[in-house]
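One chain, chain A, appears in both complexes that follow, with chain B as partner in the first and chain C in the second.
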Partner chain A sequence: MAGLELLSDQGYRVDGRRAGELRKIQARMGVFAQADGSAYIEQGNTKALAVVYGPHEIRGSRARALPDRALVNCQYSSATFSTGERKRRPHGDRKSCEMGLQLRQTFEAAILTQLHPRSQIDIYVQVLQADGGTYAACVNAATLAVLDAGVPMRDFVCACSAGFVDSTALADLSHVEEAAGGPQLALALLPASGQIALLEMDARLHEDHLESVLEAAARAARDVHTLLDRVVRQHVREASVLLGD
Partner chain B sequence: MAMEMRLPVARKPLSESVGRDTKKHLVVPGDTITTDTGFMRGHGTYMGEEKLIASVAGSVERVNKLICVKALKTRYNGEVGDIVVGRITERRRSAEDELAMRGFLQEVDLISAEVQAVFSDGAVSLHTRSLKYGKLGQGVLVQVSPSLVKRQKTHFHDLPCGASVILGNNGFIWIYPTPEHKEEDAGGFTANLEPVSLADREVISRLRNCIVLLVTQRVMLYDTSILYCYEASLPHQIKDLLKPEIMEEVVMETRQRLLEQEG
Partner chain C sequence: MLKSKTFLKKTRAGGVMKIVREHYLRDDIGCGAPGCAACDGAHEGPVLEPQPLDPASSLCPRPHYLLPDTNVLLHQIDVLEDPAIRNVIVLQTVLQEVRNRSAPVYKRIRDVTNNQEKHFYTFTNEHHRETYVEQEQGENANDRNDRAIRVAAKWYNEHLKKISAENHLQVIFITNDKKNKEKAIEEGIPAFTCEEYVKSLTANPELIDRLACLSEEGNEIESGRIIFSEHLPLSKLQQGIKSGTYLQGTFRASRENYLEATVWVHGDTEDDKEIILQGLKNLNRAVHEDIVAVELLPKNQWVAPSSVVLHDEGQNEDDVEKEEERERILKTAANEKMLKPTGRVVGIIKRNWRPYCGMLSKSDIKESRRHLFTPADRRIPRIRIETRQASALEGRRIIVAIDGWPRNSRYPNGHFVKNLGDVGDKETETEVLLLEHDVPHQPFSQAVLSFLPKMPWSITEKDMKNREDLRHLCVCSVDPPGCTDIDDALHCRELENGNLEVGVHIADVSHFIRPGNALDQESARRGTTVYLCEKRIDMVPELLSSNLCSLRCNVDRLAFSCIWEMNHNAEILKVRFTKSAINSKASLTYAEAQMRIDSAAMNDEITTSLRGLNKLAKILKKRRIEKGALTLSSPEVRFHMDSETHDPIDLQTKELRETNSMVEEFMLLANISVAKKIHEEFSEHALLRKHPAPPPSNYEILVKAAKSKNLEIKTDTAKSLADSLDRADSPTFPYLNTLLRILATRCMMQAVYFCSGMDNDFHHYGLASPIYTHFTSPIRRYADIIVHRLLAVAIGADCTYPELTDKHKLADLCKNLNFRHKMAQYAQRASVAFHTQIPSLKIEDTVFHIFDKVKVKIMLDSSNLQHQKIRMSLVEPQIPGISISADTPNMDIDEPERKKKKREK
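Coming up: the complex of A and B.
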């Protein structure tokens, strides 16, 4: 059977990348004027949009307010046209809830919530085109949006996915590579300190290989950080108030 | 009836040519600002491992021993003595409250007030103790980012062009016709509901468009910048002021005058 060769003998992947190479990343901050913060990111063919509102007063039940820190509320949604086949995804289905929960755990680790007690920070992420690495694209877009909103964060949160094929660790998997069924890992990192915000894997991987896959993901996340750092600095420079006091 | 339509066009990056000479120190979260432990940390920074690290993306401001990072745009943080303009959305319901305040200030009223105290969780308490503050009558409200309102000694300005403006620190700007008699300030507890003349309305509309123009080009808002922008916009029609090419022209002239005035 002519299977799809994920890694050729010369070390090239399906889309011509090398094992540790990332896809092309393009990002923009401040795409929505109405929101407090917003950002759009493209990682190869994966496109994600993130919008942040807050910190603001808790909507709904006041009882949920935490007396010493802010509540982080993340919602993930995937457009019907994001995958190869048009598929209606109702709000509140299992995948959206799980992604929302993972995003919340990631950002609770990075946002300095103690500075805004009794308030709420909303992060809404929407995937417009899914070609693998959707969690990573969501985290990267949300980081930029949170920065755009001026919410204090410990550090950037940079995420990347990684897999393992033919004894080689691959970084930044595309949809074809994810669908092949091998082990895949998603890592969200705080680059300056090297601390891990979230590490997720639900496949079988021999523990001997874990180190190399983790290393590949961490290196890729740091590369993502270099790119996002450049985007943010450019944005800050452009948008600095030209006539101040 | 003639109609004008425009298609969306890519935004042009703001030109840096009219920037100041002093290069600002721009940081992003995770950047080390300094390893000197002698400094006090202000907003936008946190202490980690003997280093002062930035927590927002913006420019570093140093005042003697205090270092803080001013983010590009933030939600408004109350400080004692700030002037704010806002709409009453909810009231405490208690017996004394009913008797005392409800006669004067209802829900949905637009008021100006001063920040009296800031609680530890960020909530502010306002007071309208002098007749300068209180209910606002007829006028136009413009909402801008709080970071664009310059801190000054007074936020109530009577502009020579024929209208008055209140620059709320929370980003809410109120433009209203200058009251004829000096005693009736925009405040107190009764709203002035007399009809506003056409000339006054035109001045107010032009001022509103000027403020929106300045905000789009990220120019700080204070009485002088608004006045210069108003004067630079006079050759154009009010409805043309929000077109991109006219915006650039007017802002360039405004910036020029402001630079001349400073230098």
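Coming up: the complex of A and C.
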């Protein structure tokens, strides 16, 4: 049996996208009233929910407080029903710890933490359905939630994954494409300045190809930015109408 | 632009899993027809012709495109590949189904699609908004796909109407499925079966022969008697193999006896790995190289391999009774003691059919359109084909493909593919030889040629980067006469400190062939240049092989140099590698070089350089032989060609001069030095060459032969073998030693390329070197190009690329190279064999050497046109049953020239 053809000769991927195209993105801000900020995002079939509390006083041990900036605390979890096979994922397993750390790194680079010394900002992200690119969806959802909370940031953080198949870089991999086992790169970008907040890849990829894959991921991240920007503007417009402004 | 649509899928992998996949439908997929305003700007790749007028079909006189369904593509690919068929729309649905069902057909259809002249367009219908079809309740996948194809065909017809109402462009749906065709016509789609359409092409009647005959009606004339038992379905076979009732193996038909075959059971390390099959019914329609499932017969039915030679000569197809009689003969001839596991084929797991070369045996009935085809390979059964051009094809080499083998037919059914030319014609025979050995020999495509440097070419500043200018050195090349692809040149000079500097300069092919481009891929596929008697099948285009890369004299050429500093005892003091530019001062032949060395009158720079090289080579050779390198001998034959007709007029065994071994010695030294260097730098992915030591059993024949002359051959190590071969000499028979060496060559294993990361035994047995590679002939071997690239990276003269450092890719490449080298060797031998049979050849002068005094009769046996051979019959000493009497008149053998040969000693 022949395996799945990830990229056809005509340049179409398994789900009908072209190499550089994103999946359909839909997002909403302010989904929860209790939290300071919240957002929900769908990137194709990957769905994530992000909630932000803070900045507030340090909870728990006061020793964790940083004298010059705010502490960013990130927690990641995924729902038992998020994947094809139902599986309980206890809190604090390796994968979610790692993801939490990556998110923390990403947002420490974006949030103006020095404005809130000795305080704490909590970001909780949950993946409701996983279909590839969970890290990217988490970052994008968290960005919207942080914006919703009104925490000052340098810029949006927009993330996207990219892979490499048949000497072509593919943007925004779906689960099928990830499972095929090729190299996969995750990029979080500050689009205005073009600075990279996080770049992660744990497969072998030849140096010569890195540039093209990185370029594809950056372009996709910029596309994500346009979409998120539209969502934020729409949300602000709606909010201002509600306020009767 | 995007419309998303999700659909659900259920698969069973242990448990039930629900898979949700997105499926985007697009509205920017072009229809492929030029001038279509609706899909303007969406065209990509090769497109259809705007006015597809030919081929003129009597069924549909209007211009039209074709839209075949999956089965047509799978079975009638031979027709579709014909240049007469153009403007075909291949649907994505069809392509995917083909991909899942037959990899070879998929590859062929992709090749056709890539050919611009064929105007094949792949339409991504599954992602088109208007042609996507969802599977309905109660509809199976096949029906859905059929419906999807019909929907696409309908869409196309309506779409084309919109763009050009006056043109009456049509899309014609080709299907062989009756129901599908009926439904299509109901829906208003013009539909025909493949047969109807091809028959309507009045301008191309020869296409009909290429149709695969699959229709059931095709067998009605048959007696209807079922000869073979049914093949079991695959699921049952797999069950049986799992439980051990059936065995899976490769079917290998016997060359000598068409009623017998063996099956090699893969995998398990059992003793009875080979199973014998005997009799037509037990062979049960398996063809050579198929993967089959066999069932072992009870022990009382086991047989021994028969010693009878049986060829399928019957013209009549109904003589099954006779067949049975023959089988009985086989059985009675069996020896009770030699019984081997015997089985019968119960099912075919995978067919490995390919197109076969051979000849038509015309039917006795003059008007008959059904004829039998006899393949050149004796292991392939005869194939029944239907053709109207039988008289035109008679006496020609043709290619035929098998379509199927029904249960009630004695022979498989097939169809005619291609006519190669007259039997015995040199070009036809060469073509057959190349096809049968799977040697890629088509002319280089435009895509490949586009990567050649533009002429006129000269060395530029850019080329000289990372390159040393050695044009002042006195370099010369020594090659056989008439050689145009000179890939090595040498120099030797005395340094100020009294030491010698020796340089081997190899053509820098990797400078011209850049990794990954079409030229590189084509060379990698060819793997090696194939030298036939009158023809050379180049690995790289001629511009490179005979001009830009060839180190001809008095022109500037790029080279890769390996330079040693040696003392006068040929001990290496220093070695360095560099890319260089050289200017060869002389292109010599072996004889010319030898003459220069020998003649005392010559004292110019070239000659002194040659003398220096020769002196060092002798020391190197001596040292190598001391280490246990074998000097085996396999006399190579060389043909003298008539300069006008290119017919061989004489043959001669190659002469070996001192200069031959001089060049060889330095090539070996360069290869070994390079092998060490690249292995040092790339321990995981260096491309090396090894020669495994043969198992002792291989030597039995050699030891036995020597014993008959009271000589002893020791075979425990290469060194002792070499020594004992040296000692094996008979004062009365000086040629004996050479004979023994020829025999020893036969005992050896094949040397192979391998990737250093995938193996840990690097030893080269024949050369007694711990490490070896090929570096010195990049014009004619692809392995050398890879080695050049590795070495260039190692010395920092070139940059690396991903495939070079991927050991799995390298291992795959090695596999292909080894296969190509083997095939090239076989093709070369077959070519020599063919030419030695040309009747005009004089063989009186050839000397035959033998172990014992015998008298033989030599004749050319051409009773079988496809298998002409030189037959030797023993005349003296008289051995009953084997020898023939000296004056037997050979009435029945058609013999153009009869010669008797007597040879004393």
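What we mean here is this: the second predicted complex is superposed on the first by the 240 of 245 C-alpha atoms of A that agree within 3 Å, B and C clash if a C-alpha of one lies under 4 Å from a C-alpha of the other, contacts with A are read in each partner's own complex, and residues count from 1 in each chain.
Here is the rule we use: a residue touches a chain if its C-beta (ideal position, glycine included) is under 8 Å from a C-beta of that chain, and two chains touch if they have at least 3 such contacts.
Model, not experiment: these values are computed from the prediction.
Engineer: Quick one: classify A:Asp166 as touching chain B (first), chain C (second), both or neither.
Structural biologist: So A:Asp166 meets neither chain B nor chain C here.
Engineer: Which partner does A:Glu211 contact after superposing on A: first (chain B), second (chain C), both, neither?
Structural biologist: It touches nothing on chain B or chain C.
Engineer: Considering only touches as defined above, state whether A:Gly16 meets chain B (first), chain C (second), both or neither.
Structural biologist: second
Engineer: Chain B or chain C: which reaches more residues on chain A?
Structural biologist: Counted on chain A, the partner with more touching residues turns out to be B.
Engineer: Using the touch definition from the top, say if A:Glu85 reaches chain B (first), chain C (second), both or neither.
Structural biologist: second
Engineer: A:His116 in the overlay: touching chain B, chain C, both, or neither? Say first, second, both or neither.
Structural biologist: first
Engineer: In the superposed arrangement, does A:Glu5 touch chain B (first), chain C (second), both or neither?
Structural biologist: In the superposition, A:Glu5 touches chain C alone.
Engineer: Who does A:Glu98 touch here: chain B (first), chain C (second), both, or neither?
Structural biologist: neither
Engineer: Which chain A residues lie in the overlap of the chain B contact set and the chain C contact set?
Structural biologist: none
Engineer: Touching chain C in the complex: which residues of chain A?
Structural biologist: Within the complex, chain A contacts chain C at residues 1-2, 5, 8-12, 14-17, 21, 23-24, 44-45, 84-85, 131, 174, 176, 206, 208-209.
Engineer: Residues of chain B touching chain A in their complex?
Structural biologist: 13-14, 16, 18-20, 24, 26, 28-31, 44, 46, 48, 53, 55-59, 71-75, 120-123, 147-148, 150-151, 218-220, 225, 255, 258-259
Engineer: Which residues of chain A touch chain B in their complex?
Structural biologist: 36-37, 54-56, 67, 112, 116-119, 147-156, 190-193, 229, 232-233, 235-245
Engineer: For chain C, which residues are in contact with chain A within the complex?
Structural biologist: 2, 4, 6, 17-26, 44-45, 92, 96, 99-100, 103, 106, 110, 113, 122, 124, 126-127, 801-802, 805
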